[in-house]
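In the two assemblies presented below, subunit A is common to both, partnered first by subunit B and then by subunit C.
Up next is the complex of A and B:
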């Protein structure tokens, strides 16, 4: 048993080392082309600035959305932004699964001594995320202070933010892995869900019909990325809901692993 | 230069057929645009209730959001990546040797690809109409002028997209440029939040840009927020922007094309 644990620990360490070196190589390539970096980072920052402006304009005209005030909404959008942006920095390569399956590029990864998904995910860095991370943090902190949330909640917020990143990463990975079966260069399902998440979950779930709330909580549990954490932090939901994000993170991670494994088993390379 | 209307038509048809070949795009556009429209309907229903916001009651807002869905579906559907890829891959070097006007050819392809989403947009509007029964246009003339203003979305979308894509002569990627353009278009057009709710300086800035003509102009005419003279003035502004963007594109291209370097020989 001890030998098995040691082997698995060694494997995980090796996989992380490969991931770290691969990602570092991409960070170095970013430095080589600073114009692209600044265009992408500025685009990300612009998106978030306009998001900020949108909320400011909205709250200049209304006092609350489904009972949520301006600062609480900023915390909500902050969680949503940071969850997505962190995933874009550290796991953006999964968007390439579709094109790699079509071109047969997975072949090369299968022959290397590291998990395929780790190699693929570290192939790319979403440079727009640097702008999003900055503005997302500003919104979260500004909203946090404005909403009068206690500093004692920071450890809980960080834990739920970590869970948010795991959920985002897992859902994105599983949806991109659908391209193992549904062939196409674009990860259509991931793109759709990601876009709908940005449209729907930047507002409190209370404004939607029950069916939307159920889907966001229990079918594709993206509500645990932003909505549930902020409900817990602002005291709208009971403390028991704080267990929701870790459970959703574990469940989505397990589902993503199963989908990727099944996808790799069904992978039959290209050209036939 | 032997660029004729027949060439434009042929390029537009090829582009349209290329888009129609991928049926998934239809579903894709309607789920994306429809999802966004439904989220917005839920939001504004919650905010407006029985009252008004920025002069919009719930009836007017329903019409506003459905018009916004229609024009956004058209505006975001053009073949921008195809133009960007030609520049980034260097294919433009081959284009320059052809007896075809580069800008006109890309415009024809762009309009052709936009036409491919008209059925999707119409289907979405019919569905939304049946579900939410928004009010009709304030008068038949307003309805007609709204349709004319929506037609301007085609050249305006091309003009803005083309100008932004030309930035690819200086960058290695297009994605960031596309995001920036879409963010500005979404915000200053009134797709995200009606301009009437913005503070006065921001409204003035918006109206100094071509973006409001994607959503605010058609909905203003449709809902009777401007009279006939005002509507004709807005249509004139759309025409003016179409001309400015077209010749602006020519001007920028003239300078940008000097960045093309052909290797080998």
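Up next is the complex of A and C:
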């Protein structure tokens, strides 16, 4: 009987259905109460417009940064923005792990027949990210055309973009899950790494010392979100590097699963 | 076979042992010291299918921790829990289909969604067939008045509405074993009455119930068995009626007289009863041991001497018993 129930409603398919339904319900509620959406989405779009303007002004004065031209930089920022924004749309709930742990709100999720992380991640939709998604797409496409990248590279770009989303999601999840141990309502580590990524990886890694490059490649492999894909697409790195993003995606996903599992094991709820 | 079985169940928490203030925090960083704190101490508990059990105790006695252990939220430090033969912590997902949980202090509703959406999400999560779902929603609407706030966002609900919606969430998959941790906390009388009537119905329909509450009226109206926990240990476990019979050994009659009552002379005249002044000057209370005297005897004695304008019998109060149990005056 137990196996029957487990196979009927357990497993990855059920988990995905739970996730999809929760997210769909939130999208419906955005449509029904659109005011918040427009405020948040315009804020995100405005922010990315500023980033766009920053690059345009920068490149009005210099012709290249570490050998990268204006349009290549736009592709780089496009990858960076799309990776983060997609994660924010589809996995924003993980930011609340910290406050849920403190308030004991994980409790209910443990008593339900679905993975806890899936229930938590689908609790929220990052509405500001819709604006970032649109501006990110504009920057990527505009840069792509301007840099003269071939349309035949589009499938590879999409694959690496998918890997970028997985890496972003996994890193964010693992960093937010630190709040299972470090009690606090703010996901300080996720904030910190996210900020660093937005500042540091906005530029080609070539301008940084070797230590920074090593960390971004092998410790928290966020270089595979934006930098490595654009290097592959522009032909700066050999084709072998195209295996980098999938490998980094698999490694970070595995690490995130381990961290979340360990976190849930150490969860001791709030109050007695 | 019991539906729920706990054997020498214990939970210890590790607490940072540090002095207060910044200095204490700094010292703790360098020299980590912890103290063990036992919240639940070797509890044995068996619940048969269909039983309605009240789980009571003073604040910090270990009630919530026990509920969290029984629902699989926490891993026991020692001992075992079996719910329908399964370990709720390691077989979490399979167990989830058989249990319903409500923590009155928190909500499981999706904060940004209408109540109806939350119920639908749970329906799919538990795999409840559409027909069963509809029938249950209809029943909940009838008994709890869900309909009026089904389209409202969870964050806009009043506490009473939220609690009713949460109760529906806990029961949407028709669980066999239901845990309710303070389901009436903060509610007004009319919502409480409604909730209690609903819970009685639930018990009558055969659902097994474990209820914790500080409101003893909840317990008396819904439960037949009571388990009292104090400092992590079970202080009493048995039928509520038996608890009353065992510990409520006296009864009282309040008398309202025409003039001022003279407690002293009454005590002299009837020394085998206990006399005390009432709330008003013309009131007097006579207390007697219910095993030695019948109420008729007492009234006969009293009315032979006095002509009370009015009298009322005090109901035996379980509250007093529980209070004395908490205070450690009574032992099993």
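We take it that the second predicted complex is superposed on the first by the 261 of 272 C-alpha atoms of A that agree within 3 Å, B and C clash if a C-alpha of one lies under 4 Å from a C-alpha of the other, contacts with A are read in each partner's own complex, and residues count from 1 in each chain.
Assume contacts are C-beta pairs under 8 Å (C-beta built on N, C-alpha and C of every residue); 3 or more make two chains touch, one makes a residue touch a chain.
As the structure is a prediction and not an experimental result, all values here were calculated from the model.
Chemist: Touching A:187, do we find subunit B (first), subunit C (second), both, or neither?
Modeler: In the superposed model, A:187 contacts neither subunit B nor subunit C.
Chemist: Contact-wise, after the overlay, does A:196 reach subunit B, subunit C, both or neither (first, second, both, neither)?
Modeler: first
Chemist: So, A:226: does it touch subunit B (first), subunit C (second), both, or neither?
Modeler: neither
Chemist: Per the contact definition in the header, classify A:81: touching subunit B only (first), subunit C only (second), both, or neither.
Modeler: Neither subunit B nor subunit C is touched by A:81.
Chemist: Contact-wise, after the overlay, does A:105 reach subunit B, subunit C, both or neither (first, second, both, neither)?
Modeler: In the superposed model, A:105 contacts subunit C only, not subunit B.
Chemist: If you stack the two complexes on chain A, which partner ends up touching A:58: first (subunit B), second (subunit C), both, or neither?
Modeler: In the superposition, A:58 contacts subunit B only.
Chemist: Answer with first, second, both or neither: which of subunit B and subunit C does A:46 touch in the superposed model?
Modeler: Only subunit B; A:46 stays clear of subunit C.
Chemist: Give one of first, second, both or neither to describe whether A:169 is in contact with subunit B, with subunit C, with both, or with none.
Modeler: Touch partners of A:169: none, neither subunit B nor subunit C.
Chemist: Check the residue A:29 against both partner chains and state whether it touches subunit B (first), subunit C (second), both, or neither.
Modeler: second
Chemist: What residues on subunit A does subunit C touch that subunit B touches too?
Modeler: 33
Chemist: So in the complex, which bits of subunit A are touching subunit C?
Modeler: Checking each residue of subunit A against subunit C gives 2, 5-6, 8-10, 17-18, 21-22, 25-26, 28-29, 33, 103-105, 107-108, 110-114, 123-124, 265, 268-269, 271-272.
Chemist: If you look only at subunit A, which of its residues touch subunit B in the complex?
Modeler: On the subunit A side, the touching residues are 33, 35-36, 39-44, 46-47, 50, 53-54, 57-58, 60-62, 65-66, 127-128, 184, 188, 192, 195-196, 199-200, 203, 207-209, 212.
Chemist: Which residues of subunit B touch subunit A once you look at their complex with the stated criterion?
Modeler: Touch residues, subunit B against subunit A: 24, 28, 31-32, 35-36, 39-40, 42-43, 45-47, 53-54, 167, 170-173, 175-177, 179-180, 183-184, 186-187, 192-193, 197-199, 202.
Chemist: Contact residues on subunit C for subunit A in the complex?
Modeler: 13, 39, 60, 62, 64-65, 68, 71-75, 86, 91-94, 96-97, 99, 101, 103, 106, 108, 110-114, 117, 120-122, 124-127, 153
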